[in-house]
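Order of writing sets the chain letters: A, B, C, D, E, F, G, H, I, J, K and L. Residues in each chain are counted from 1.
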Amino acid sequence: MSDHIYKVVTVVGSSTKSVEDAIHGAVAKANESIRNMNWFKVVETRGHIEDGSVAHFQVTLDIGFTLD
Amino acid sequence: MSDHIYKVVTVVGSSTKSVEDAIHGAVAKANESIRNMNWFKVVETRGHIEDGSVAHFQVTLDIGFTLD
Amino acid sequence: MSDHIYKVVTVVGSSTKSVEDAIHGAVAKANESIRNMNWFKVVETRGHIEDGSVAHFQVTLDIGFTLD
Amino acid sequence: MSDHIYKVVTVVGSSTKSVEDAIHGAVAKANESIRNMNWFKVVETRGHIEDGSVAHFQVTLDIGFTLD
Amino acid sequence: MSDHIYKVVTVVGSSTKSVEDAIHGAVAKANESIRNMNWFKVVETRGHIEDGSVAHFQVTLDIGFTLD
Amino acid sequence: MSDHIYKVVTVVGSSTKSVEDAIHGAVAKANESIRNMNWFKVVETRGHIEDGSVAHFQVTLDIGFTLD
Amino acid sequence: MSDHIYKVVTVVGSSTKSVEDAIHGAVAKANESIRNMNWFKVVETRGHIEDGSVAHFQVTLDIGFTLD
Amino acid sequence: MSDHIYKVVTVVGSSTKSVEDAIHGAVAKANESIRNMNWFKVVETRGHIEDGSVAHFQVTLDIGFTLD
Amino acid sequence: MSDHIYKVVTVVGSSTKSVEDAIHGAVAKANESIRNMNWFKVVETRGHIEDGSVAHFQVTLDIGFTLD
Amino acid sequence: MSDHIYKVVTVVGSSTKSVEDAIHGAVAKANESIRNMNWFKVVETRGHIEDGSVAHFQVTLDIGFTLD
Amino acid sequence: MSDHIYKVVTVVGSSTKSVEDAIHGAVAKANESIRNMNWFKVVETRGHIEDGSVAHFQVTLDIGFTLD
Amino acid sequence: MSDHIYKVVTVVGSSTKSVEDAIHGAVAKANESIRNMNWFKVVETRGHIEDGSVAHFQVTLDIGFTLD
């Protein structure tokens, strides 16, 4: 967090396995179009239930990245 | 809400008529530049007053759409 | 709100038409199994988007009812 | 929202018909004693239930008006 | 999230192992008495500490299920 | 708070006398239908005013109880 | 809470004795200038400490009253 | 904060220069009609943008004053 | 609240009797190790239930004290 | 705030000097890629500390701009 | 949670691996200087991103411990 | 924000001049007893009013510092 200007975007990742996996997936997807990402913050953790058990976890992230 | 990655954008719609109309307008406008929108969430409802009566309703929405 | 004990349940109604319609639907459904409902409070307003326009509104309500 | 000083008051309107109608009623009532109202913000949406259906909607508004 | 009416219940699961495990346990327990569960939302994550280390994680979930 | 699964219900107690009395009343009422209650959390404190003085206090509680 | 328009004011009462006493004091003071008060809601509970013990409790209330 | 009853009003000040200036302006304006003001609390900081730069800061304050 | 620097600590008091008693106990305990305490703020009110009735109230306080 | 549709973006500005300077910097940077900005709202104020004193202030803003 | 007085401290743990690992690390570190820790509560989950993927998770905890 | 464990303390600074000055004062005071401070976050901005104008600003900060 140096003396730059950041922009913040909101992304929702999902995973059948874990909260961390959903975060990794969201960051990897964001990395396809955003350069210089610096930090994330978990805004919400939800998930879907199918046939009485957790189908996948959904984690909403704010991601901050430096504007060049 | 299947196993996709979502991005979330924030849009403010307005209408002289109703809260629903402001939501419809915001979603229609977002549809001009965003594909694969899936859900919205109302974040704030405000409005302007002119000459002692409601001039229009303003509804702030978070809109989630699938990243291809 | 007289000197009774209340219980509060959370219900989500939905409508293709309006926020009010979603509330009416949720209260009507709750009325099938709950007696002596007294008040509701809107907790969240969301909705689904299909083909670029609002498919339905979803309104989450806390409903208070008197325990006999 | 020009370079004025605003005062904010909180008013609760109610309507048997709709959220918008409750807002219009609250603003009309406030207009009897307040000049130069500029904006409102919805703080809470509640309502009463009688005989298993919605008796009326109650909407709490913050209303901002310019101090002369 | 189709055009149904949902009811929401709040459940707290616990696990000595992980947040995900606590969620799985809470959903499995709820599945004994609730049919047609659709989604959950994490409301709070806490835990107990014994002898200076984490004894178990406790995760509070809102669970939504369709009313038939 | 041992290694059990909890369910959480929301109850509103009221009392002409005190906040504590309203809590005692809500817990006593809940005790008629719920076994194994473990904790409560105050969510909101309100009350009614009649003839210019407090008619009764109303306290909203989340109550956690062990699922057997 | 009938079909009226309410106005809401915020008042802070204090008492050396109890939370309830601070609420009674705030409502009694408000009663000197406001007619037709209907309900209150506790917004914040604070207090002062002098010489290592509680000097008085301060309770912030929103008070709703009917506009004639 | 002695043993008095306070009333709280909400005021929005604005300034082209600074957050502090907007606060000073709001307090000065409130001073024209309110006696015995004791404290303020910043509730929200916003502002307007014109031609790509900040036109003015708007600061919403809760102001507490002693009721005689 | 003069022109000093404060430090804030968080303490949880408990009492079988009342919310006020739990606050008094927390302040008395803090007084054993902290000098120059000035104010407290109630952050959360919870409690334990045993055998179907309230076993004790637990009140979480932020306590501010002057740094010499 | 006329009858337009707004989009809201989140930007973080920083300054070694002041909160206002961080806001000016964030708005100036946003102005390089966004036309028709109308308002901002401060979401969070943080900062970095180096060698025991404030290195810079970081202010997170929501910025609203008109969609043409 | 017996009839003791608790103190609450806030600690931030971090881990390259998981949320649970960050919690374990924070509790282990706090255990070096605090006796009789009883519970924790997750306040915030954030993290750093380097070279387009998660570098580590940061979890902020409130930790409660009994004052002897 | 490297891979360390942080502790967070809450401090309130005050200044007759500005919000920034109150932050500088709080950080300087904390620096007398805390080593390795890294960041702060503004939690609340309040102030006192005397004779109808602002007597001083009070800013509550969470300060994070590395545990060695």
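What to note about this one:
We adopt the following convention: contacts are C-beta pairs under 8 Å (C-beta built on N, C-alpha and C of every residue); 3 or more make two chains touch, one makes a residue touch a chain.
The structure presented is a predicted model; accordingly, all values stated were derived computationally and were not measured.
Against reference pair A-B, the listed pairs C-F, A-E or F-I yield one interface repeat, C-F (criterion: more than half of contact pairs the same by residue number). Rotation angle, chain H onto chain K, C-alpha superposition: 120 degrees, expressed as a multiple of 5. Averaged C-alpha coordinates put the centre of chain A at 38 Å from the centre of chain H. Centre to centre, using the average C-alpha position, chain D and chain J are separated by 31 Å.
Looking at chain D, residues 1, 9, 18-19, 39, 48 sit in touch with two or more other chains. Note for the complex: chain J touches chain B at residues 1, 3-9, 62, 64, 67.
Within the complex, the chain E residues that touch chain K are 17-19, 44-49, 52-54, 57. Across the complex, chain D is touched by residues 9-14, 16, 25-26, 29, 48, 56, 58, 60 of chain H. Listed in rising order, the residues of chain G touching chain F in the complex are 18-20, 23-24, 27-28, 31, 37-42, 63.
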